[in-house]
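The two complexes that follow have chain A in common; it is paired with chain B in the first and with chain C in the second.
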Partner chain A sequence: MMDMTTIITDLYMARADVFLACAALILLAVGVCLKTRAFHRIAIGGVTALVLTLIMTLQQDNSGDSITLFGDMLVYDRFGVFMKVLVSIGAISAIFMGVRDLGDHVIGKFEYVILILLATLGMNIMISSNNMLSLYMGLELQSLALYILAAFNRNSLTSSEAGLKYFILGALSSGMLLFGISLIYGYTGTTSFPLIADIVLIEQTDMVSMGMLVGLVFILVGLAFKISAVPFHMWTPDVYQGAPSSVTAFFAMAPKMAAMALMARVLFSAFGELHSDWAQIIFAISLASMALGAFAGLVQKNLYRLLAYSSIGHMGYALLGYFVGGFTGVTATLVYLSIYLVMTAGTFAMILSVRNKDNVAATNLNEFAGLSKKSPVVAYGLAIMLFSMAGIPPLAGFFGKLYIFKAVLDGGYYTLAVLGVCASVVASYYYLKLIKIMFFDQPSAHDDYVVAPSRLLRWVGVPSVLFVVTFIFYPDWLVYEATQAALSLR
Partner chain B sequence: MLGLYAVFLPLATFAITFLFGGFLGNRMVQFVTCAGLIASAVLSCLLFHDVALLGNTSVEPVMIWITSGNFNADWAVRLDTLSVVMMCVITIVSACVHLYSVGYMSHDKARARFMSYLSLFTFAMLMLVTADNLIQLFFGWEGVGLASYLLIGFWNHKHSANRAAMKAFIVNRVGDLGLALGIFTLFMIFGSVQFDTIFASVAQFKHETFEFWGYEIHALTLACLLLFIGACGKSAQLGLHTWLPDAMEGPTPVSALIHAATMVTAGIFLVARFSPVYEYAPFALEVVTYIGALTAIVAATIGMTQFDIKRVIAYSTMSQLGYMFFALGVSAYGAAMFHLMTHAFFKALLFLGAGSVIHAMSNEQDMRKMGGIWKKIPFTYAMMWIGSLALAGIPLFAGYFSKDMVLEAAWADQSAHGNLAYWLGVTAAFITAFYSWRLIIMTFHGKPRADEKTMAHVHESPFVMTLPLFVLAIGACGAGYVFYELFVGHDRALFWADALFVLTGNDTVEAAHHVPMWVKKTPLVVAVSGIVIATLIYGTGGKFAGFVSRLLKPIHALFFNKYYIDELYHGVFQKPLIALGRLFTKWGDQKMINGLGPDGIAKISQCGSQILSKIQTGFVYHYAFMMMVGLIAIISWIFYQMVMV
Partner chain C sequence: MIAEAVFYIFACILIFSSLLVITARNPVHSVLFLILCFFNAAGLFVLLGAEFIGMILAIVYVGAVAVLFLFVVMMLDVDFVGLRKGVMKYVPLGLVVGGLLLAELGFLYFAWAPAEGASLTLAAEPTGLEKSNTHALGSMIYTQYILPFQVSGLVLLVAMIGAITLTLRHRPGVRRQNISKQIKTQPQDAVELVKVETGAGV
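Moving on, here comes the complex of A and B:
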């Protein structure tokens, strides 16, 4: 039993997350009272809150070793800090995008910001979770916020449909997750990751029970749903297409980071000793994701569906690092995820800037025709992002893939590396197709898409482009941080 | 240093005029190229005095080129009698042609480019003859091939010119393959590509053999035969000659420079240069004799029946090259070089004269549409007479000395192939005289057959065109008499020094001075009779000629259609090869490689993508079903693994 002092100490140690929770609630209350321009003002508050949270999180990093709080429910280590930074960047970008996309719109309710804050809180708990229960709590907090966000444009049929689909399938995956947790609990008698690891270690000498493996599979399926790995990806294209564009951007960034972090916790902290057993599952879904992400994207005409498949493929590559395992593999994945996050933020910043007279963002590929003439800056920025996504050197995306494939080759999986490169070649087709449309196609006669300068471009687009272009000059700090994070993950 | 200037001046003028031609303007380009070539010609003559007459042979290094392990090949200018003789011929004829081109090409838009190409050619040819190793020789060899290609196809708006250029290039490729293999063979035998190293050690390798499919092959013979294939290609010998007549599509100065005086003699030069090796390969020399003699007679018979003025001279060139080759074949290298030199003068003269006629006749080349113009262009007429007299071998003119020397040497060889070469050569000499006067009479005499407008326009060429003719005419008159003693006479041993090598007992040039009188006089007799018969047949109008050709219809058809060799090649090589190529492109490349490769994979990818997007139905229960399938598949796999282990 914990006494009062411990609780207070733990709350202080977890001050970043506590602050975020409080900030979200206060902003909600303030927002209700605001009569005009609620969205913009709450957005400013939301960004401030996230930045402050980020600062507190980074402070914690200096304290050094990992600490566990609330009776081993949460763990605070460098891995957690690394992933939280990524999630926060994703959330801040999403708020910027929301301002551009929804701020002046009928559906521009300030709750968008609150929901993002709450989802971020859920993700932070996911990232820090050290127990099946905290895992589930964080996951559900995040998911509930995301369900609402997906259906945020309640006037739109597609948005409602997306929200509903995501909710139903998400509930299914949560069910699987819970079933898996209960199996694990049944076979190990605990929900704590370190204790599970101890039991696995003991059982390893004898024989791992089947029930535990099945439980792990169920948990993995639940998590694979969140990162939209094949064959649990089916919701992705529909939700990406149906949800408001800025929500799609958020979906493509933050939840992926959190779910990948959670997967790392489960796979390495709890079941690290069973690497040889779960590696083949990761192998299968990773390969399937890379292949499907590459091939299914080829005939897409809707930009958001295309980006959905793109993100599926990227998650496939990121999973390769987990498949290899060890701290080199995890490092590669963390680097890949960081670069993916920036590329996605940049891409969406550019895309959301292309709008027509009614302030609706372009959704179809052919609406980008002739963009290079209308707005060369955005066209070139987007081209850089797409080249980077395709993995063309010397842009950052190339290095992301480079580290992944290096880890794979060091592990001796040559066939897998070759297959991954092949998938990358196929996927580059649709990135190049969009570039070709922007630079060489003629816009249709009644095309009125234009680009107006905005905070989104200035605060998200430009830094992303700078990062992607200049990454080649200083890759070391990111690799160093990722290595430190991976090392802290036991 | 003189050698370097002489060789690299044309390169410099080429570079300047090719790069800055538009900036300099046509006048300036013409001045620069002509001045460069004339300077080069003067330097070459000085070199001739220094090297050939005073005997100061040398090798002037230019720069290091290839160094790889023990293998060395450097740029250098080799100056011995053989190369300076070639240099003089090349630069003098080239200077004349450059000057002539100023007038001849005066109506052409791209005349600056033409001049720069001529300079490029001259440079490449000089590189060839001054090479100190096989690699540099090959560089020059390919360089002249390139320049020849560019100049034959100079009027690239003409379809026939493009075809002829490609034909020349492709046929030469066959010869070049032989040359390249020859170079490889020599390198295998001697382990070096340096001329000095090779020539110094020929004797110790004279019994070297190769094992090839169980046959013992004499290494030096093989090398010599392969080199000779290269020589055949460049010098248009029977078998690889088909490109030369077609090459007349190029402007006439090109024909004079490249396809009469210089490039086509590269084969002669090659064999002469390798005389130390050929001397130890008697079988190869025999082959050279046969091919040369056959070419001489075959080309002469074809030339007899052609109507295009340039083609007649082209076949004449081929025939004369045949003479040179059989001279080489009987070890009379000096005689071959002598004939090469005199031939360069009078054949260039004939070509430029023909060019002058064509210029006067408003670009008409068909002799059937000429005639009756000798009074209008008397100077050209006189020049053509001089050239023809030299070609026919009439005393005092250059051809008399050299051609008779060649024939006498062939007879003096006292062998089956030498005898055959002599008699075929004599026959060809008769035909040569015949077609030369046929050409003169058809072109200049009789009634005018051109239309009035053309006739009214007939005029003597400008001074820049007649001056080169005059210079060449001096050579065609005097070169034989002046250089007889040096090239093949008493001074020849001192003159040639180490440049040419003849085994003792093979010295046919010496023996040629002691042949019976009838051997010496027969060529002259047949030449005069050839002139007389031609005058009789064509001087009386075309009727008698028509009667004769009808009388000998099958033979005439054979000659007129060039022994059907083009048709034969078309049927045997061209058609099957094109069919094969079409098969490969259509089925091999487009259907197989492209169909299964890039296009096929792209198509499959698109199909796969279509299928994948069909699976994406939009129904939630399908999605849930997929998730369950995935879950069950993974669990089944885990169970399967467990059971198997």
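Moving on, here comes the complex of A and C:
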């Protein structure tokens, strides 16, 4: 039983998350009272709140050790800090994109920012979770906010369809996850990750019980849905296409980071000893994701569907690190995820800047024709991002893949590395196709897509390009931070 | 002895009324049988010594959920006869799925061997009988489980924000009640006294 002082101390230790929750509630109250330009003002407040949360999170890093809070509900360690930084960067960029995309639009309601803040809070809880209960509560807080964001443009049929589809399939995956958790609880008698790990360790001496494995499989199914790994990817292209563009950008960035972090917690903190059992599952979904991401992307005409398949492929590569396991594998995945986040933010910042006279963002590939003449800066920026996504040296995307494949080769899985490189070559076709359209195709006569300078380009686009281009000169600090994070994950 | 007899009475009525929920032709009767089900389930909980859950079941499910169902059934013009037309077509499939689920449950029940070292003291046995259920639950929820409890509050808030964002629309031309305007109204704004000469009209 915990007493009052423990709870108050824990609340103080968890001040970053408590602050984020309070900030979201205050901004909600302020937003309801504001009459004019609520979206822009709340967006400024939201970005400020996220930056302050980030600063508080980074301050916690100084202590070095990992601490558990609220009994054993949350664990604060360097891994958590690393992933929270990624999630916050994703959320801040998503707010910038929202201001550009929805700010002056009739559907631009300030609740967009509030929902992003609450989703970020859910993701922070997911990242820090040390117990099946906090895992599930964080996941639901995040998912529920995301369902609403997907259906945010209620005047559009596709957006409503995206929201409904995401909601029903998400509820199904939550059900699977809960079923798995209940099986694990039934066989181990606990929901806490460290205690589960202890019991798994004892079990190791003889056979692992069937119920535990079945439970683990169900939990993995639920989590694979959240990172949209094949064969649980069906919702991704439709949701990416239907949801408002800035929401799609958010989906491609922050929730993937949080779900990958959650997967690492479950796989390494709770079931680390069962590596040989779950590695085959990760192997299968990772290989299938890489292959489907590469091949299904080839035939897409809609840019957002293409990016959906691209993100499925990228998650496949990131999962390879977990498959290899150990701290080299996790480090490789963390480096890959960081670079993926920056590339995605940059790509969406460029894409969302290409708009027609009605202020609607370009969606089809052929609407980018002749962009290099209309706006060379954005065209070259987008080209750099796409080259990086394809993994062409000396850009950052190449190093992400390099670390992953190095970890795979160190693990001795040569065939897998070759297959991964093949998938990467196939996928580079569609990135290069978009570059070809931008630089060599003629725009159609009634094409009125133009690029206007915006805060989004200045604050998200330019830093991403700088990061991707200059990563080659100082890769060490990111790798160092990722290694420290991976080491703190038991 | 009496407890067992009461258990069998509650259990039999529960199963009987739940069968009637799905077989009754009139949907209003179905909902009424559902309410009966909830009451009996609440009785079973009280028998187990979980009086708090029993009361919650009665208040939340009978008081709110079932009445909501009743409203939906009676207010909305849902063609229940039409809904039932295709049911027979899906009976074989339903039986297969139901059988599979039953087999899985049986399999898990017979293969159920908790992991070595798993603490089985967590079984549903009321411990600390010196406290009432409500007291014990309250002291757990606000101490050990404060984080999930508070986060579930935020989840409900998100649901509320979502419902409002996705459905609230400000249509022009709708006459809403503006209470402050109503109260501020002065007699001289609303009533005009006119001195009318006899026989002249206004």
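Everything that follows uses one rule, which is that the second predicted complex is superposed on the first by the 490 of 490 C-alpha atoms of A that agree within 3 Å, B and C clash if a C-alpha of one lies under 4 Å from a C-alpha of the other, contacts with A are read in each partner's own complex, and residues count from 1 in each chain.
Rule of thumb we're sticking to: contacts are C-beta pairs under 8 Å (C-beta built on N, C-alpha and C of every residue); 3 or more make two chains touch, one makes a residue touch a chain.
This is a predicted model, so every value here is computed, not measured.
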| item | value |
| --- | --- |
| Partner chain(s) touched by A:Val354 [first = chain B, second = chain C, both, neither] | neither |
| Partner chain in contact with A:Phe152 - chain B first, chain C second, else both or neither | second |
| Superposition-derived comparison: chain B or chain C, residues of chain A touched | C |
| Partner chain in contact with A:Leu213 - chain B first, chain C second, else both or neither | first |
| Touching partner for A:Leu306 - first (chain B), second (chain C), both, neither | neither |
| Which superposed partner A:Ala252 touches (first chain B, second chain C, both, neither) | neither |
| Partner chain(s) touched by A:Ala284 [first = chain B, second = chain C, both, neither] | first |
| Which superposed partner A:Met234 touches (first chain B, second chain C, both, neither) | first |
| First, second, both or neither for A:Gly186, with chain B first and chain C second | second |
| Intersection of the chain A residues that touch chain B with those that touch chain C | 210 |
| Complex interface listing, chain A residues touching chain C | 1-3, 7, 21, 25, 28, 69-71, 73-74, 109, 111, 114-115, 118, 121-122, 125, 133-134, 137-138, 140-141, 144-145, 147-148, 151-152, 154, 183, 186-190, 198-200, 202-203, 209-212 |
| Complex interface listing, chain A residues touching chain B | 164-165, 168-169, 172-173, 176, 210, 213-214, 217-218, 220-221, 225, 230-232, 234-235, 237-238, 277, 280-281, 284-285, 292, 295-300, 426, 429 |
| List of chain C residues in touch with chain A within their complex | 108, 111-122, 139, 143-148, 151-152, 154-155, 157-159, 161-162, 164-166 |
| Residues of chain B touching chain A in the complex | 605-606, 608-610, 612-613, 616, 618, 620, 622-624, 626-627, 629-631, 634-635, 637-639, 641-642 |
